[in-house]
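Following are the structures in question.
Same chain, two partners: chain A is paired with chain B first, then with chain C.
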Partner chain A sequence: MLTFIARRILYSIPVLIATSFLIFAGVSLIGDPLGGLKVNPLASQQTIDHITAEKHLNDPIPVRYGYWVRDAVTHKFGTPLLSNVPIWDDLKRVIPHTLMLVVTAELISLLIGVSIGIYSAIRQYSVFDYAATTFSFLGFAMPVFWLALMAQILFTNLFLAWHVRIFYTSGLSSPDPGTGIHWVLDRAQHLAIPVMVLCVLNLAVYSRFMRASLLEVVNTDYVRTARAKGLTEKRVTMKHAVRNALIPVVTLAALNFGALIGGAIVTEQIFQLDGMGNYFIQNLLNTDIYPIMAWLMVVAVAVIFFNLIADILYGVLDPRVRYD
Partner chain B sequence: MHRFGLAAIALVALVAAVFVGGGSASTSASPKKGGQVVFGAEQEPPCLNGFLSGCNNTWTSWTVGTQYRGLYIQKPDFSFVPDLAQSAKIVKAKPMTIAVKIKKQAVWSDGVPVTYQDFKYVWQQEINPKNDVASRSGYDSIKAITPTSKDGKSFNVIFSKPFAPWKALFVNSLYPAHALNGQPDFNNVWLNDTNNPKTGKPISDGPFTMTNYTKGQSMTFTANPKWWGPHKPYLSKVVFVFRTNTDTEIQAIRGGEVDAIYPQPQLQLVDLKGQPGLKIESNAGTTLEHLDFNEQLKGGMPLLRAPWFRQALAYAVNRQAVITQIYKKFNPKQQVLQNLTYGNSQKGLYVPHFQKYVFSPTKVASIMTKHNCTKGSDGIWSCNGTKATIKYGTTTGNKLRELVQEIVQAQAKSAGIQFVTDNDPSRLFFPRVSDGNYQIAMFAWVGTGDPFGQTDIYGIGGGSNWKGYNSVKVTNLFKASDAELNPTKRTALVNAADANMAANVPTLPVVQKPTFLVYKTKIHGIRDNSTVQGPTDNMQDWWVG
Partner chain C sequence: MPEPVLSIRDLTVEFKTEDGIVHAVDGVTYDVFPGETLGIVGESGSGKSVSMLAVLGLIPQPPGRIVKGEAVYKGRDVMEMSKGELRRLRGGDMAMVFQDPMTSLNPVLKVGFQLTEAIQAHNDGVSDAEARKRGVGLLELVGVPNAEQRFDQFPHEFSGGMRQRAMIAMAIANSPSLLIADEPTTALDVTIQAQIIQVLRTAQEETHAATILITHDLGLVAELADRVVVMYGGRIVEKGDVFTIFSKPRHPYTVGLMESLPGLTVGQVGLQPIPGQPPSLISLPPGCAFHPRCSLSNGRVRCRTEIPMLRDTGHPEHISACHFHEELEGYQSKLVSEPVA
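This part shows the complex of A and B:
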């Protein structure tokens, strides 16, 4: 197992290097990173020259990439193009916010989605199954930005109608959220709608995957054998079928989770959540390559890590899988 | 107050779209004390030292900047009046010397008096080549700052050359020298807080002091008990929460999650008109939208080099229809902009030199025929083998500009001119424009209302004269205006240059973009200041009741 993990980590290093270089070159070629500064007629030329020299903006891209690698390793990704605010400090701030959103949404989605999938498979072609299928397709079809905006309008209108604040439509917390349970409640009120939006999309995915996977498993020989042994249907399903049917769902969840560490970009942007997605968008709009690169590295490491977790979980769920 | 570098913020090409509503500032006889206002800020300051290029944006000025007053302040009518200064006047022409007296009662929140040292500190940082300040303009014309009283409240500012827009320069913030002196690197000062580095306590000479900053979420400003203004701030707190998405801002103010917003005008904001419990105030701002004609060979188009062709273009664009179809929906008082320097709202300065350009396909035809142009079977003019097909670019995603573009394209086509869309997102559009790689570009200049900077935009060799306008007369007039200390003579010089430009049409002015302030009716004393000062320049007068 340890050899397997070590090998996977070693394999990922060239992937990280290649990805980071390609992204660095791509973003560098988008346009002049000081373009915004230069269009100001009163901008100081001394400042522009100083930043250009300090950030090596006149050097070829491979040389600049080298400087970036040095900063990333020795100065925790260094600073953005135009300010001396450490990038790592900002990342340390936004990562927990994204985790709070993503973990909550993933757990709820998995719990409900898997349950719906199992029940749909057991009661195939029932009213419940048809209803779940219909709502799943709706979930697939709805663009997240539309759903998010509709949810904002709905809860704003509910507030205007009832004068009761059920959920907040933007922000991570109130200006004065209090402490202890008050803080928790305030945060829950702020995260509820974005979590709901993410859940609608994830639920559709997980429930369909679980249903399809379980339907495939229940017709296999070992499940028939379990039934022939005289086990109860509940025990056959839960102990033998579901465990194996979970394998593709676990893979999907792990990949999904890794990708979501980058932030649910649209959701965070619309709900003004100070997370990874919002951080990425703001810096992309500013064409500031250094925070974008730092964001990319964190996301890439997360994706690789969760892929590894998925591989390890295969072995836990399916004893036939062995690592060499 | 709160303008670290108005000059730096000013004249930055930005996206714009226009919007206006009715309403007026609230007034009431007896202000109540206490309470708080939650203001939705459309941007978060990247860092808090507004003089630095990386921190310098309008919302840095409208939030953090409220703590640091300037010697002068710009009022909603665009006039400059003393703020920290008791008085400031030119006492000598050569070298230009201004005698300044700071108000006796003006103190920092730690009780230390505001003195010439604070102005001198900013000047020294601004001219230090190691500091990445946004703009050194104006400060680089100062030769010396010398105290003239023992208490440091009176001093002389001596310029190396005449600097006409000195009042606009004096609007910039003062920093507390006693707190910041000794800091090794100004580029690292006040990145994430505005505390006195020596005591770790917040410091301000404004009506409020920033007592909490939760990055990515909010800034809290608490009333400064040492505030030296005519009355103590009425509110206990003002909280700025960051809402950078227009749709989110709209729901936040509708649902009472914020008490006020000051968004860039967008079409969807019109839905807020008539919303119970909200007031909307709009005024003409300092953002001047225009069509820029590139006369250079590189990136340009040969016909655009001819003044007669640019005049024909001016007649082919129905600016009045643009105002009527788009801008008047929000503000019935909106007018076409007819001057490239002054806005419609600058009474006594604004002269409508471009008003002769009224949409007229007949005039276009007359000009074209006179210059041996012929109309093709597709209805588009051709002159000496060159078709009047011109690339027209603006910023992708700016819905109002895109709408204006569509209308203008249709108008021009009816006059035999074809405008071909050539848009890009602003991050690509502006670098392209500043590289001279465009034919016609629609964007805006954000100014202070002062003509300083026009030499750079329209003068020969000007760093922002990307269009390549080449008029010795206009260049000399603007240069002379920058050195003319008599306001009346200065205005005459500027308007002479503008009249000249109206004849040659290097650029066609379109509209003076309005501002858009939305606030709850329970807030009193709040009012828009459509200059670069923004709506937060009188926070001490706000109260809730």
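This part shows the complex of A and C:
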């Protein structure tokens, strides 16, 4: 097992180098990173020359990439092009925000989605199953931005009508959130709608996946054996069927976690949440390559890490899988 | 005649499929007596397993449906039992060994766990340690070496033969009075088959259970069974004791089965298969389901129009569902040049 983990981490190094170089080259080729500055009458030629020299913008891309690697390793990704605030300080702020949003949404949808999936499968073709199926297809088909906007409008109007604040529709916290339980409540009121919006799609995914997985398992010979032993229906389902059906679902969830660290870009934009997705979009619009690269590295490491977690979990859940 | 352990009367089971209704079992009637081994023989899809699965309540409904019939176990109709009663019967008084040991054990649970689970499901208050002791004992009984270590292994660490032994251990865990073995050796190598037959014998001696042996392997039937039920197209076509069935079969299908066996005698030219294919259970041929493949029918109208009933052949307890089985009077199977064990 340890050799397997070590080997996987070693494999990921060339992957990180290759992706980072490709993205670096790609973003560098989008356009002149100082284009905005050059048409700004207030920016002096001196400033432009200074930034160009400091960031080696006149050097070829591979050389610039080399400088970037040096900065990333020695100075925690350095600073953006047009500001002196260290990139790492920004990341340190936005990563917890995104984690709070995404982990909550993921856990809720995993828990509820798996439960719905199990119930749908053991009561296949029941009213509940059809309702869940309809809901899932709605969830799949609904664009996130539309749902987010509708939720925003609904809760804004509710506030205007009743003057009672149930959920906030924008931002991450009130200007003065207080401390302790007040802070938690304030944060929950702000995150509730974005979490719900994210849950709709995830719920659809997990419930369908769980349903399909369980339906496949309940027809296997070993579930029939379990039943033939005279076990209670509950035990047959939970111990024998669900245990096996969960294996692919858990793997999928672990992989999802990695991908979600990049932030829920659309949701964060609409609800003005100061998270990873928002950070990425802002810097992409500024064609500021350095924060984008830092963002990318965080996401890449997270994806590789959670892939590894998924593999390890798979081995833990299925005794037939051994990584020696 | 002693009281039968299980008597099945006029059992009819259907499955609804997209192509139509599959008549898997049609009006099947037979008894199993204490301590005996009843062999149920037939081709794939002749309804052999379905009748037993129906008795145990293991037919998924839908698509399956038990249309009519009863299965009286110790004076009570299993079909009328509540789900809880039937559950206690399964794995307790009636246990089943399935065909494919590679897929019949849960891959993510240890063999010992799956074994003790069967014990604890039917014996309230058996401690884990006690269940473990009994489990290891059962594994030893069915001939699993190093039972103590094997107990804590996963099914994928067992070979096919060992898994089937574990399955048998699971089935006899609660000393059933009826053991159903559904093609117990089909998925195994020939050498392993012989060992498993021995294990089944031991299991039967140990528990004194009546055994129903579902198989298409006539050798296995000759080896183990006392009485034989031959099924074709979801119906019973012939029933009798094993010696009579093997020496003087009185149904052309049984005769065909005997003829198609490879013999040990010299001078045999190739195998003699039954012509044609087994019928689809969705649309059985009218009249006798076997008539299109029958060597005796010769296009006679009665075979095509009238479903033959099981009739006495003149031998005790030997019945055959052929309109013209008298014509087979005097037929001697080539198998009985040497006496059947």
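One rule holds for everything that comes next: the second predicted complex is superposed on the first by the 323 of 324 C-alpha atoms of A that agree within 3 Å, B and C clash if a C-alpha of one lies under 4 Å from a C-alpha of the other, contacts with A are read in each partner's own complex, and residues count from 1 in each chain.
We adopt the following convention: contacts are C-beta pairs under 8 Å (C-beta built on N, C-alpha and C of every residue); 3 or more make two chains touch, one makes a residue touch a chain.
What you are looking at is a predicted structure, and each value in this text was computed from that prediction instead of being measured.
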Chain C versus chain B on the shared chain A, clash or fit after superposition: fit
Contacts of A:115 with chain B and chain C, given as first, second, both or neither: neither
Contacts of A:317 with chain B and chain C, given as first, second, both or neither: second
Inter-centroid angle chain B-chain A-chain C after superposition on A [Cα, multiple of 10°]: 160
First, second, both or neither for A:58, with chain B first and chain C second: neither
Partner chain(s) touched by A:126 [first = chain B, second = chain C, both, neither]: neither
A:31 touches, of chain B and chain C: first, second, both or neither? first
First (chain B), second (chain C), both or neither touched by A:244: second
Chain A residues touched by each partner, larger count belonging to chain B or chain C: B
Touched partner set for A:225, first chain B, second chain C, both or neither: second
Least C-alpha distance (whole Å) that remains between chain C and chain B when both complexes are overlaid: 48
Contact residues common to both interfaces of chain A (with chain B and with chain C): none
Residue ranges of chain A in contact with chain B within the complex: 30-32, 35-47, 50-51, 80-85, 89-90, 93-94, 97, 149, 152-153, 155-156, 159-160, 168-173, 175-176, 269-272, 274, 278, 282, 285-287
Touching residues on chain C, where the partner in the complex is chain A: 56, 58, 60, 83, 87-92, 95-96, 98, 100, 103-109, 114, 117-118, 121-122, 154, 156, 167, 170
Sites on chain B touched by chain A in the complex: 7-8, 10-13, 36, 38, 46-47, 52-55, 129-137, 187-188, 191-192, 214-218, 220, 239, 241-245, 247-248, 251-252, 254-257, 427-428, 430-431, 433-434, 453, 456-457, 462-464
Interfacial residue positions of chain A with respect to chain C in the complex: 219-233, 235, 239-240, 243-244, 247, 317-320
